[in-house]
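Report on the structure given below.
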Amino acid sequence: MRAVVAAWYDFDPFHELYEWIGDVTSSEELVYVIIAVVGATGILSFVGLGALANVWLERKIIGRIQVRRGPNRVGPGGLLQPVADAIKLIQKEVLQPRASDGKLYNLPPILVFIPAMLTFAVFAWAPDMVYADLNVGVLYLLALSSVTSLAIFMAGWASNNKYALLGAMRVIAMAVSYEIPMVLALLAPVLFTGTMSIPGIVDFQRTNDIWLAFMLPLPVFIYAISATAELNRTPADIAEAESEIVAGFHTEYSGMKFGLFYAVELINSLAVSGILASLFFGGYSLFGIDEYIPPWIIFIGKIYFFYFGLIWLRGTWPRLRIDQLMAFSWKMLIPLALINIAVVSAEVLIWRLNEFDSWIFWVYALMNIVMMFVLLQFFFTMLTKNYYRLPRRATLIHDVSVPSLPAPTFTQGGNA
Amino acid sequence: MSTVTIPGTQVAARLDEAFPGAVIEATAHSVTVPAERAAEVALWLRDDEEYDCKFLNCITGIDWMEHFDVVYVVSSLAKNHTLVFEARASHDDPVVPTVNTVWMGANLQEREIYDLMGIVFSGHPNMKRIFLWDGFPGHPLRKDFLALPQGHKPGLQRFPYEFPAGERSYESLASPEGPRAPSVPRLRAPLPGQAAAQDLGGGQLGTGGGGSNETRFGRFEQRPPAPPPVTPVEGEIVVENVDLNSDDEAESP
Amino acid sequence: MDDTAVVVAFYVLAAITLISALMVAVVRDLIHAVLFLILSFIGVAGLYITLSADFVAVVQVLIYAGAISVLMIFAVLLTPRSDRDNAAVSYAAPLSVLAGLLGAVIIFVGLDTDWRQVEGDRFGQTAAEIGQALLDPYALPFEVASIVLVVAMIGAIILVRPGNEEEA
Amino acid sequence: MSDIGTPPYVVNIGPQHPSTHGVFRLKVTLDGERIIDAEMVLGYLHRSMEKLAEERTYTQNIPFTDRMDYLAAMTGNLGYCLSAEKLAGVEVPERASYLRVIFAELQRIASHCMANGTFVNDCGAWQTPLMYMFREREKILDLFEMTCGARLTTNYMRIGGVAFDVPDEWYPSINKLMAEMPDRISEYEEMLHDNEILLARSRDVGVLKPDVAINASVSGPVLRGCGIAWDIRKADPYCVYDRMDFDIPVGHNGDCFDRFLVRLEEMRQSVRIIKQALEQLPGGPVTTPVPLALRPDPGEAYVRIESPKGELGFYLASDGGPAPYRWHVRSPSFINLSVLKELSVGLSIADAIVTLGSLDINVGEIDR
């Protein structure tokens, strides 16, 4: 137990704290509990502050994308806007529909929060700065994301609202479809590194001086898309599809209950960015630069880099229809992931059997990048060729010309 | 190039061949047929090779006090001409066959005319009110809606500040009585149908109270009682088609 | 099992599992029953952790709480509304007898088994060991299971294939 | 298997819903997500303008036309004034006709900006195209404000001309806007034409056949989207449209994306018209004196113009009094709704929203 604790607190101030507590008391359990609480507080405050910062970032960046300024009234540059939002949300009366499903209605805002927070426990913030180094870290992340969709289903069901139920059904259907490509995509780095522990995967990338994203570009693509779908963010936000089902599963939630859903969405975005950064983009390592900059700053920087990408996606794309989203998963992502798994297994086998040095990674990187472009081109063409069959410009006709069409026949002219 | 307007007289000539005795009146503006023949005339106009009126511009109804005219403005996009025909219905029992099967676009417009003018389109698949709520008393676009007492005609008889004939100064307006009051008498008495209308329509338009006034903060004070209604004088107010039983607003507001 | 914390955790988790399992049978609303079932699954996952089976625990959450329960929710939502009541089951009496018998058998097996203590490192490379076990000593059951799944999938596809409805 | 399925499920889209563009209610019956029946419930914004008009003089009725299609007040003004002028036989000065054309076309651009922006919003975009299009719409509304002091309910046209001449600072502003507008429209095209998700959402969705469209009295961009080159500005020119050189954009397939394309291209054609009108703009008075209490001779007139939404017609009947005896508005939004049920039954709820967005309804005009 001491080893586990000591590993986490190589982060200097905490290390001193640990030593100090060790001097004061000899009870290992007590030390463990105190240190665990301190670590959890650290993660919680990062996540809490991160969610607030995300509100500001998201509004500001989307404002820029939409040729407007974004929040700029509260505080310098609108920095205090999230605080104002939070105060407003807390002040609001929390309404509960009379026909809602009692206790079940109040649970989901809390339930979605738990997996969102737990995700951050397994991240490697720096060498030996891991709250919980699980042997099954990658699977743990997947399990948490599946629990989130259940909580969202509960919210939709308990609201007793038709829009909410539609949203809940969509979440469930999407969870089934997108879990599979996600698992298959995350299998690739596990195959390559031979470990499911996240610090292990980051360490592999650091020692070999290569990011897995170079070798596994296709899983990055697949994971990014399926994670966006699980996050209910814009190209795939069918669960809360504003223009269709008002706000989907959280239509009936007001005040801070809605605020929790909103915060969870932001925290989950951070978590997905963190997973992308750790598993594919080297985590806290940055080709030796992490010697000079504190690694956790590099890691947080990477998280926000990918989070920026998510905001960008949200600002630019319309939303897919649910059946198109399902088709995209089943017809494109899952076949791609399966092909990728086969190729990666073969590559790993060749590498392990011949005991090649790390130069083989660059060969693999080249091969896999070429493969990705070929496959993506093929699949995109197959999926979208129907949309491009007609010109995407209106035809210009100079004079009025109407063909004399026979009147259509109706069985019943009634409509409306 | 511009759209040719086919005069009603010209249409009347051909219409008379196809439907002898169907033309009641023909002017340069329009041709008028009896109400019961509107649908067959419409079908003929649509399928006739010369007129080819595949496009229905609009349908409207006019209350001429003695009778109703349902005006059909139809045109041919291919030949780029337009013509107007009217169906004349009696004022007591205005029934016109629907042209919904001829032009699908007539559907909503016929419902609108039924709602506001009270002309029934027989054979229409969904003949119910479209803008006003079910149970609304009367049809507002009729000239006798809220019929005015003392034989006053509805509508604006004169411009409120119009000078009397021959007078071209503001002197008369500066007279001790002040500007002339509008000559239209305004009806102030509540109508017998109004209370019912509130009850029926309250749910939809949010005018009525309905439901309990209990909140989680306690009970709101009752509104002060309404002043006793002025009893309308018998025979002055005509409210048509008050159908208090047709309560189709079953769904909650 | 010498650690008091683990013992406390075991009893708490066992209570959660058993109580929610009981609620599955008791509550009237089918959706509530499914949600209690999920809670029960998660309790079982906790029990796995007390047994140092971290891989199985996470897979329990991922597969049972995440995937199987979703299928159950689908099944419940596809049932017409009138049937969505847990109480009105006409087979209640025979089924409870059957369930009692099954429970008795499981308890007997549980008491009869010679349980071994876990030795060595608490959280070893369980995933790797399970992988080895599946592909070496248990390769045949593993392959048979996959064939069964493929057959089930083909059957499902044939059932829902469009055009089947005219024949039915 | 046939007995497994969800029971029909009635969902109210509206009257308060982000995508109904006003207080419009669509009652849909769903089988899963597929619509098996749809019923419109209208009248939430009914103000009985046709009845009110019978108690007001011809001039006093002009503000009503602002409030019908409040996103295209200028064309509403224009159509009504044209109908009153036809009934009363009033001539309009040439400069006023040109100004009317310029403002009507500016209004068309503004209305199409709104229509296309909200259409992409209905497809699920997070406001971005709408914000871009609002940028241009704002500038157009600034031009309105410069001229008549109002941005939305302009009340600018008068029987016999327009209310005010344009101020001097108006010319550089409109010239600048017209110079940059083609680039802006190309920018929208770049942004949206190659967007696979937009194509996936709107291509082959809500396909309207041309014969059905004509039979259902559909007009405007919805009709042109079906491939029918029909434009009242060409077919029955009013004001000075016969002196302008422009093209009619038509779609290929009659689906939602075609309607979107037609609107986008119409904006470009409107810029062309405005540029020509600005070149030809003559001097002179902008209004003919008309008696305040206009009393047209007894008679009836139907006048139609091409509003941004379609054929906007006014049927006026006079009995010789100072107020119209009967005033009927043929509102394009209302009549274009005739095909909504035809189009939306069988689609999923998401597609129905996109179809509704592509019809570009305006509830102020539907309910009047």
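Observations
Read from first to last, the chains carry the letters A, B, C and D; within each, the first residue is number 1.
Just so we're on the same page, contacts are C-beta pairs under 8 Å (C-beta built on N, C-alpha and C of every residue); 3 or more make two chains touch, one makes a residue touch a chain.
From a predicted model like this one, the values you see are computed outputs, not experimental measurements.
With centres defined by CA atoms alone, the chain at the far end from chain B is C. Taking B-D and A-D together, the pair of chains sharing more C-beta contacts is A-D.
Chain B and chain D have Cα centroids lying 24 Å from one another.
In this assembly, the C-alpha centroid of chain C lies 59 Å from the C-alpha centroid of chain D. Separation between the centroids of chain B and chain C, computed from CA atoms only, is 68 Å.
Chain A and chain D have centres, each the mean of its CA atoms, that are 42 Å apart. Under the contact definition stated at the top, the residues of chain D that touch 2 or more other chains are 212, 214-215, 228, 230, 234-235, 337-339, 342. Contact of a single residue of chain A with at least two other chains is seen at positions 399-400, 402-403, 405, 407, 415-416. Counting partner chains per residue, chain C shows two or more touched chains at residues 77. By the touch criterion stated above, chain A contacts chain B in their complex at residues 399-400, 402-405, 407, 410, 412-416. On the side of chain D, the complex with chain A involves touching residues 9-12, 17-19, 33, 39-40, 120-128, 131-132, 135, 193-201, 203-204, 209-212, 214-215, 224, 227-231, 234-235, 247-253, 257-258, 261-262, 264-265, 337-342, 348-351, 353, 357. Contacts from chain D toward chain B in the complex involve residues 42-44, 46, 48, 50-51, 54-57, 212, 214-218, 228, 230, 234-237, 242, 292-293, 299-300, 302, 304, 311, 313, 315, 317, 321-323, 325-326, 328, 330, 334-335, 337-339, 342, 367.
Of all residues in chain A, only 62, 65-68, 162-163, 166, 234-235, 237-238, 241-246, 314-324, 380, 384, 386-388, 390-403, 405-408, 415-416 touch chain D in the complex they form. Residue ranges on chain B touching chain A, taken from their complex, read 1, 46-47, 52, 54, 77-80, 100-102, 104, 106-108, 111, 124-126.
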